[in-house]
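Two complexes, one shared chain (subunit A), two partners (subunit B, subunit C).
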Partner chain A sequence: MSALPVLDLKDASSFPSRRVEAWKYSDLRKFLREAPQLSPSATIPLVGGGPFEALGGEAMVFVNGRPVDASARVVCGEQTVRLRLISKAEGTGHAVAARISARAGAKLLVLETHEGEGAGYVAHNRLELDLAEGAEVTRIVLTDEPGDVLSVTQAAVRLARGARYRQTIVASGAKLQRLETEVSHPGHGADVRLDGAYVLDGSRHADLTSVVDHLGREGTTSQLTKGVVKDTARGVFQGKIIVERGADGTDARMGHHALILSERGEVDAKPELIIYADEVQCAHGNTVGNLDANALFYMQQRGLPLDEARALLTGAFLMEVIDRIETEGPREVVREWLTARL
Partner chain B sequence: MLSISNLHVSVGDKPILKGLSLDVPAGEVHAVMGPNGAGKSTLGYALSGRPGYEATEGAVSWRGEDLLALEPAERAAKGVFLSFQYPIEIPGVPALTFVRTALNAQRRARGEEEVSAPAFLKLVRAASQALKMDFDMLKRPLNVGFSGGEKKRMEILQMALLEPSLLILDETDSGLDIDALRIVADGVNALRSPERSMLVITHYQRLLDYIKPDRVHVMVAGRIVASGGPEMAHQLEAEGYDKYLPEAA
Partner chain C sequence: MAAVKETVEAVAALEKYAHGFTSDIEQEFAPKGLNADIVRFISEKKGEPEWMLEWRLAAFERWQAMEEPTWASVRYDPVDYQDLYYYAAPKKKAGPKSLDEVDPELLEVYAKLGIPLKEQEVLAGVEGAPKVAVDAVFDSVSVVTTFKKELAKAGVIFLPMSEAIREHPELVRQYLGSVVPVSDNYFAALNSAVFSDGSFVYIPPGVRCPMELSTYFRINASQTGQFERTLIIADKGSYVSYLEGCTAPMRDENQLHAAVVELVALDDAEIKYSTVQNWYPGDAEGRGGIYNFVTKRADCRGDRSKVSWTQVETGSAVTWKYPSCLLKGEESSGEFYSIAITNGHQQADTGTKMVHLGKNSKSRIIAKAVSAGKSDSTYRGLVSVHPKATGVRNFTQCDSLLIGKDCGSHTIPYIEAKNGSAHLEHEATTTRLSEDQLFYAQQRGLSEEEAVALLVNGFVRDVLQELPMEFAVEAQKLVAISLEGSVG
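Let's look at the complex of A and B:
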């Protein structure tokens, strides 16, 4: 059962327009009316293993939708998987279907990168993550795609009792970029952290949408997303937390905070808490604003040029999200990656 | 030397400074005293280039350069430092990172080499000890959760590290108890030198017992209406500003 409609690139009738409630801020149909031609197979560039190369682990690579090796993986024990979704296409479309299962007690780090080359392509990524009892999975996503492509990633995450799931998505947008996460949360000690950061300039668009469904008692979810938009860029945050009947003792918190640094930038936020249980603690906070003019002047007065003052303040604003990544190696890679884009 | 002549500054449509003239020669400390609403803080903001404080007439030159033509950061690199009456909190940016970034930005603007991290730490340790500041506090975001006294000490620490040549102190004594005032004043006095000019903006004479001025100016309704030696501060404290206020008030 899925709350969010799943795309099928071969079937144009599955492309949602803004009349579909869950897609009202990201009108895919406006840009894509017909099924795109299938992208040709391409070879993976031999140099470089992606932004997380230095952290080692095993690579799981898809190029234009085709797995270089396997498209599914079962993980036991402690492992790092660099999931690289590579697009090398001009005006065509491709779809990835990947599945990773973490066995009971496994400790898995998924370092996912969306690496795009070319122009005007359509990429659809369908990712299924299963966490068995007591498994611990951290998924970190970095996107780096051209500004004229359409890119939709739909992740379905299923947790068993006592599992821990940590996610941080860092999005740099595209013509339309949407990163969906749907979490099936069984409670009973299962714990979810679902974070995001977006930095958008030009006319880029990024949409971070999530649905967390609390099905059982005593489950926790903590969500923090922060974003910065410049120029005519547009950021979208939709976060939905559902607490089903009987899921008492649920503790769920959601925060989304954005800065708009230009006259014509736009941020659309839709936080939703849907609660059918009685004994729960749920809260959400949402703010959209600009940089503090007093702080900017103070920093300039001490010698920082305006651009540098802005970058330092926006960096500090976003790093709150990055600081929540518990593993040092990827945290520092993401920090540098983000700092270079401010 | 700092030379201000016939300076008019408006905030929005409202004229605040109305023909202010003042010279501060190199190596001297001048105090500007005046009642609330005289435009004292506006003078500090206008000299440091705060957006929204627009000079509509007059000139300001600092070491022969037209200060009003420069951006705030360019003025800072030329040695202008405004110590804020209410220092701003900068969330997420550790004090150490902030000061080092500022120092290196100024040095780059002047074509000087940047200071390395270890060399900077050594400078900070010495300067923070002199101000009796807890070094660990400098790892916290700048001024966030600092007490009034800690914020003022942080301003003086920045002064000591950035080594400005024109210091503008805006109500530096406000919110300080006697002990903190003495430490802050000692910090300022340590920076007195034949190359530095200081403009001490204050409502009360108290600060001037600790930072002894060479000249005292009385500012009323956006202009300097009287100037004199250091004894003038005591006279003002005893007699108030009444005799300088316009008849209509």
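Let's look at the complex of A and C:
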């Protein structure tokens, strides 16, 4: 059973309001009361393959919810898939349903981009990822959407024993942007890393929500999310780690750290541990604050202008998340992408 | 090591629930069930003025329109509100003038509980211990309040709530319901309608209360709900330390305890509120026990005011409480130190709320949860910073310890920062008792149970240190006793 409510764009009664606990800080219903009209089909220019184009691999493209090629893929061996979710719409809505399965022993790099053009659209992406025994999947997500759109991505990740899953989400927000990840963790050597970073300005909102359910013995999870909010932006982090009865030997760590760089920025965090086994090591840490005044002063003393000093410190703060990406190619693309937005 | 030895002895000497006796005291009951007439009956019994009755009736009306909340991580059989007695009092002719007139059986109850009702007595074993004024509440009424005269000399008002309503109506009227409004939540509304007694404390400006104040609550009669109401007002520049203890007999059925505690701290005032909650937790199979659904809130209205909550929660079948601080004053501060120990089939969903509204307000939360047996324990907390509250600081630490395969321990913190100058830190850990440490302690000659008690006492030490000294010794024993039977 899914721990998070399932959304259906065609059914307005499925739009959660903040009264739904899991959507407490992202009131979708406030902005969306009725089911939106379906977005028309659109074409994309033939040139330009998204931010990760230079890294090659096969493209799996959706435009306004419609697959250009296929909506499901089975991967064996070593492969890179550039999953491009493109929205080109004005005030309409569309839904993507994509599925990727990694066969036993496969090594897959999913480079996912949310590319938006237009205004006021509603995008809903549902992604299913299945990892067979010993499979290794790295998912890297970059979002670049207009500030007045609603965008919800729900990923369900199922691991078999011994599988490894790595995820880094870099969110730049929208009017309401939510990136959910739900992981079914079987333990027995399976290993999960769920990271995230958000940089928000204007009145943008981004919500990184995750649920990791440890079902079996000896599983590990490591989570690190860092965010920066400016102006009146709002960052949300909700992380839940569940250790079910019998999932002894679980080791789970979660960290969320945010900087508020303006008077009226907002950060809401809810890091949860739900534990039913005693032989576990679980911890979470959460901090919210602003830049260290002493460090800023020191840098200014050494001749750096205030803005530059700020950008340097903020960059250093966020890059800890990016440094955890193991594959060099995408790591450097993400680093550049993020630096340009600071 | 004396304290450790004492703990070990306490474990050996005491029954699982030492306060489980009942006393055969002639009681006066209101008819079972709840309706407007019962509310009128209670008000009349207390000889309350018209405004108080109206306040209660309005609360009752609100309560009827409300639904029982279900969001806490606790499961329990629904309470049949019509199958409870809302008023039970030891029968007496007129109000006792002195301790000599109090029913000797009742005095015996308190003697058994170790509560000093005679003023010359001080707590046993503590040489030169400070005096403690006690208000003893038995089911629905306050039995006796000690040291009234000495307190009056300092200008401190320490009275049962029912007397305070008669003697200081202006104060009660000004502050009652001003921190926890009548319709705040389901149980607070119920309490407002039917509360029977509790303590009222007023500390005048600039006065440091000359002794610890203490209220002792006891549920005795069966099928009785206890709904006490406590109101403490610390006027400008004053200080008071208040202790609260609770016990109940062992019974098969679940008894309801729905209290409301309101604290008001004005400029530069400080209130230290300590609770040792040891209601009957139910038997080994999870039958019986107290439902402890309590609303406790402090309003730090004044600049530089301070409220410190310390709680040791070892009893009750189901606990549902969040002692909170509304930090309205500039540079006001709130503290919450908590030990929640659950064993058997106990469930506890407890924590705190620190609502930062004033500039440069500070808060500190230290919560330690120990779960054993088949019990479930949840820390649920909120730290929120209002957009206009600049310079806010918070530090939160939640540690959970699990003993055994069948228990659960959960941490659900909410952090809401709406101001860029806030510094909020939160950390939480969940682990089990270290096998190495257990092994070491056992090697040195302690039994497994003694070793567990020793380690757990170490785990909760940060909080025990915050308790007033007389209570800390008691609490340490209680920690050991509540974990009895959790290993092996």
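Here is the rule we go by: the second predicted complex is superposed on the first by the 342 of 342 C-alpha atoms of A that agree within 3 Å, B and C clash if a C-alpha of one lies under 4 Å from a C-alpha of the other, contacts with A are read in each partner's own complex, and residues count from 1 in each chain.
One rule holds for everything that comes next: contacts are C-beta pairs under 8 Å (C-beta built on N, C-alpha and C of every residue); 3 or more make two chains touch, one makes a residue touch a chain.
Being a predicted model, the structure only gives us computed values, none of them experimental.
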Partners on subunit A (subunit B, subunit C) - clash or fit: fit
Subunit A: partner with more touched residues, subunit B or subunit C: C
Contacts of A:F317 with subunit B and subunit C, given as first, second, both or neither: first
Which of subunit B and subunit C A:K270 touches, first, second, both or neither: second
Where the C-alpha centre of subunit A sits as vertex, the angle toward subunit B and subunit C in the overlay (nearest 10 degrees): 80
First, second, both or neither for A:N294, with subunit B first and subunit C second: first
First, second, both or neither for A:L306, with subunit B first and subunit C second: first
Least Cα gap, in Å, left between subunit B and subunit C after the two complexes are fitted on chain A: 16
Overlap of subunit C and subunit B interfaces on subunit A (superposed complexes): none
Partner subunit B, residues of subunit A touching it in the complex: 292-295, 297-306, 308-309, 312-313, 315-317, 319-320
Residues of subunit A touching subunit C in the complex: 21, 245, 258, 260-290
Footprint of subunit A on subunit B - complex, ascending: 48-51, 71-73, 75-77, 81-82, 84, 87-93, 98-99, 101-103, 105-106, 109, 141, 158, 162
In the complex, subunit C residues that touch subunit A: 71, 387, 400, 402-432
